[in-house]
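Please go over the structures that come below.
The two complexes that follow have chain A in common; it is paired with chain B in the first and with chain C in the second.
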Partner chain A sequence: MMHIKNLALYSFRELMGMLVVRITLAVAVLLPLAAWIFSQFFLMELTKVQLDVMTAGSYLLGMVLILIAVVPMLGADIGGRLCYFYLMPPVSRSEYMLGRFIGAALLLLLLFAVLLAGSEALIAMALEHAPADRRYGISWETGLIIAGTACYQSITLLAAVFFIAAWATGFAELLLFSIAACALFWIMPPVLEAMKNPFLMVGVPTWIVSLVHGIAWLLPEMNAGQFILAALHGQATDYTMLLLHFLGHAGYALMMLMACLLMFARRDL
Partner chain B sequence: MALLSCQGIKKHYRHKHALDGLNLEVKAGEAVGLLGINGAGKSTTIKTLLGLVRKTAGHISLDESQVGFLPELARMPEHITPRSFVALALRIRGRGTSEADAALAETGLGEEHMSRHIRLLSKGLRQRVALAYALAGSPRLIVLDEPMSGLDAIGRIAALELLKKRKAAGAGILICSHIVPDLVRLTDQVLLIHQGVVKQIFPITSHDMDEVVMLEQALRHWSSQ
Partner chain C sequence: MQRRSLMAVVFVLCAGVSLHVLSRHYTSVYSATAHLSSQAPAAFLVQSVAAGPAPGLAADYNIIAFSTLFYEASSRQLSQQEKMRAYEYLFNYIDQAQRFDPWFWDVYRLAIGITGFVPEYTRKAILLTERGAHQRNWDWEPPFLAGFLAHSLLNDDRLAVRLLQLSATRPGAPPLALGLAAKFLAGEKGSRQEGITFLEYMRRLLPKEYHGYIEQRIARLKSQESEEH
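Right, the complex of A and B next:
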């Protein structure tokens, strides 16, 4: 446990040392201002526009941080053989991977804490200035749902990137497959969901139907849009569904991480 | 007491036998050198002993509690300071991070370089940082793969003196190097590896030029096989 903690703090410090990470965090700090400026081009529902920008920004910045900071760090570890330093006995391969993962996850948590503070600041401003009938049911929970869903979905993506790092041979491979994973997670689930439609599946062989359902089960639903839209439109959040969505992601991340540890333990470095 | 020993280590890749029944032992207060031409299996030996490469067969006994390792450098972490980097090694070895500056100074790294990012340092300075990482906290077993790579003459002499001091203090050293005079100055025996097998073992007693010449001749002999 001690080695995991040491490596996690070290990884967090190493990531914070990257200029690109500091720029991303600065963008996250400035995002509410950008959202406010952008909303001034609209005539109504300004808060919704601002929170839409915060939503898009949260998802984008999480993904950017993983692809431009975590992937190069892991790429250097594996491809540049930097992991030899960290895997020095008595540090085990699992401790190394978990330490790196937790360090990167801490950075994501910091990013989403900044974004949450930004969203809440916009919401507080709106609640203070907007008359009661123009608040559209937006409350402090809206900001929490935006940052929270973006956070756990980014951590799922992070786990997938670590799974890829467990078998990738270098930076180029890791980056390529990580981008592919992003695309797969974002594009495939809605397509598969549409394909699962019984009307569409009429006459299709059973094994193909099972295959589609199997792949749909394998890929996590990366879009928490239904919860964010509901929150932005003042509808009551279905917390049971939100919890299930979160648990699905937690399970997926855990599965990826376990597979990562198993594969990494067996490979030559 | 043997800090590291292995018997019959084999490592087979798909089309190549990298190691073929290698035996080796490093005791406390002893330095063992690995010598061989490129591709002889020196680095694979070290990586296999440390578990970075999975062995195909054989037995390894390693006191894992205190191992310092300097890999043959491809890269160094760029976005961290030497101080934080060496502090990690100290934490792993259960030591206080306050020793980091002393460990870096011991390898000849100036105070002004300790808090700059490693990416801003020259190759030689990076090598000193890597050496400090391996030696920080006085590990009982020190494993070094080409430790003198990139060091200038002064740096090399300082590194050798430092390693001799560690050996005298009871540390076991396993070193792989292409620089024969360095091996002769530091080690008690040199294992000549060729095609993944220890072909000859040379006890080093007088640490003089005659032994350098003898090792170079043996190396030339096996490389022509």
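Right, the complex of A and C next:
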């Protein structure tokens, strides 16, 4: 347990030492300002527009951190054989992977804490200064829903990247499949949603319909956009659905991480 | 890997699979907009893909595209054919924005304030606003504005009464909504002065860049009134 903790803290410090990580965190700090400027082009619901930008920014910055910081770190460990330094006895392969994962997850938590503070600052500004008729639906809870859902979905993506790292032979392979995973997580939900639309499915062979439904079932429900959109407009959040969404992600992250440990324990290094 | 560690890993793996199955069994794709879009045009799908987990941003994009095209079209001399094409695009932007975010207030302001005054799109704009009024179930304004347009531009008092009654049930609705609904229900014609008052009210709601159409209409009503006298 001690090895995992030490390795997690070491990994967190290693990631924080990267210039790209500090730049990404600086972008996260400045994101509310960019959101405020963008919202000035609109008529009525400026806070909603600002929080839309924060939502998209949260997901994008989470992915950026994974792709530009975590993937190179794992690529150097596995492709460059740096992992030998950490894998000396008594540190086991599982402890190494878990330590690295927790370190990277801590970095994501820091990012989402910064983004949460930014969203709440925009909400506070709206509650203080917006005219009464434009404050409908604005609440502190919205910032938490945005940062919370983006955070646990990014951790699922992080687990998928660690799963890829367990079998990838080098940095190029790891980067390629990680980008594919990010693109899949971003693109697939709306595509699958559209493909499940009965109007589009008219005339499509039954086996293709079953295949599409099967793929949709295998992937976790990545799109929390509708929860966020409803919360932005003051609609009551369906917490049971949100809990199930979170549990689905927790399950998927655990599956990926455990499959990663099993594969990494047996691979040639 | 030691036997105990292996068992723990396999146990957690099974727990993960169970959680995923549980979540997948009880949740389907959670879409508030699904019932609004019976058909998914290519542009809608492309924008959905680009917006990913932030569908609200796709609605914002459509509003920005609307404003850009509107300013462009207003600042140039366009032929009738070009104008009609511009209005078609403007209405499509509003329609797409509503599909992504049916609660977005800006959509209804622009639908009623701009496309509502284009004869070919008046009914479409009013019906779009009526759909939105069921989503924005706390807001009296969109059905009120749409109801008055249904009466004054379409002469469709049944639709106007439906919208004004919807507006009157909302918190903070002005008594005027119910009064007008009763008047239209009784088949009474609204006066020109009521129309001017309504348009001046709308002018206050929209920023000055959008005043052109409303002012033209006010001027037309005032000249008709002075001709009668």
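Here, the second predicted complex is superposed on the first by the 241 of 269 C-alpha atoms of A that agree within 3 Å, B and C clash if a C-alpha of one lies under 4 Å from a C-alpha of the other, contacts with A are read in each partner's own complex, and residues count from 1 in each chain.
In this section, a residue touches a chain if its C-beta (ideal position, glycine included) is under 8 Å from a C-beta of that chain, and two chains touch if they have at least 3 such contacts.
Computed from a predicted structure; not experimentally measured.
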| item | value |
| --- | --- |
| Room on chain A for both chain B and chain C (clash or fit) | fit |
| Contact breadth on chain A, by residue count: chain C or chain B | C |
| Chain B versus chain C as contact partner of A:225, first or second or both or neither | second |
| First (chain B), second (chain C), both or neither touched by A:55 | second |
| Chain B versus chain C as contact partner of A:268, first or second or both or neither | first |
| Vertex chain A, arms to chain B and chain C (CA centres, degrees, nearest 10) | 160 |
| First, second, both or neither for A:126, with chain B first and chain C second | neither |
| Which of chain B and chain C A:14 touches, first, second, both or neither | first |
| Which superposed partner A:85 touches (first chain B, second chain C, both, neither) | first |
| Chain B versus chain C as contact partner of A:175, first or second or both or neither | neither |
| Gap in Å between nearest CA atoms once chain C and chain B share a frame through chain A | 11 |
| Common interface residues of chain A - those touching chain B in one complex and chain C in the other | none |
| For the chain A and chain B complex, residues of the former touching the latter | 2-3, 6-7, 10, 13-15, 17-18, 76, 80-82, 84-91, 266-269 |
| Residues of chain A defined as touching chain C within the complex | 38, 41-45, 48-49, 51-53, 55-56, 59, 92-94, 134, 136, 150, 153, 186-187, 189-194, 196-197, 199-200, 216-217, 220-230, 232-235, 241, 244-245, 247-259, 261-262, 265 |
| Chain C to chain A touching residues, read off their complex | 1, 5-6, 9-10, 12-13, 15-24, 26-27, 29-34, 37-40, 44-45, 48-49, 51-57, 59-60, 63-64, 67, 101, 103-106, 109-110, 136, 138-139, 206-207 |
| For the chain B and chain A complex, residues of the former touching the latter | 47, 50-54, 62, 64-65, 67-69, 71, 74-81, 84, 88-89, 91-92, 117, 130, 133 |
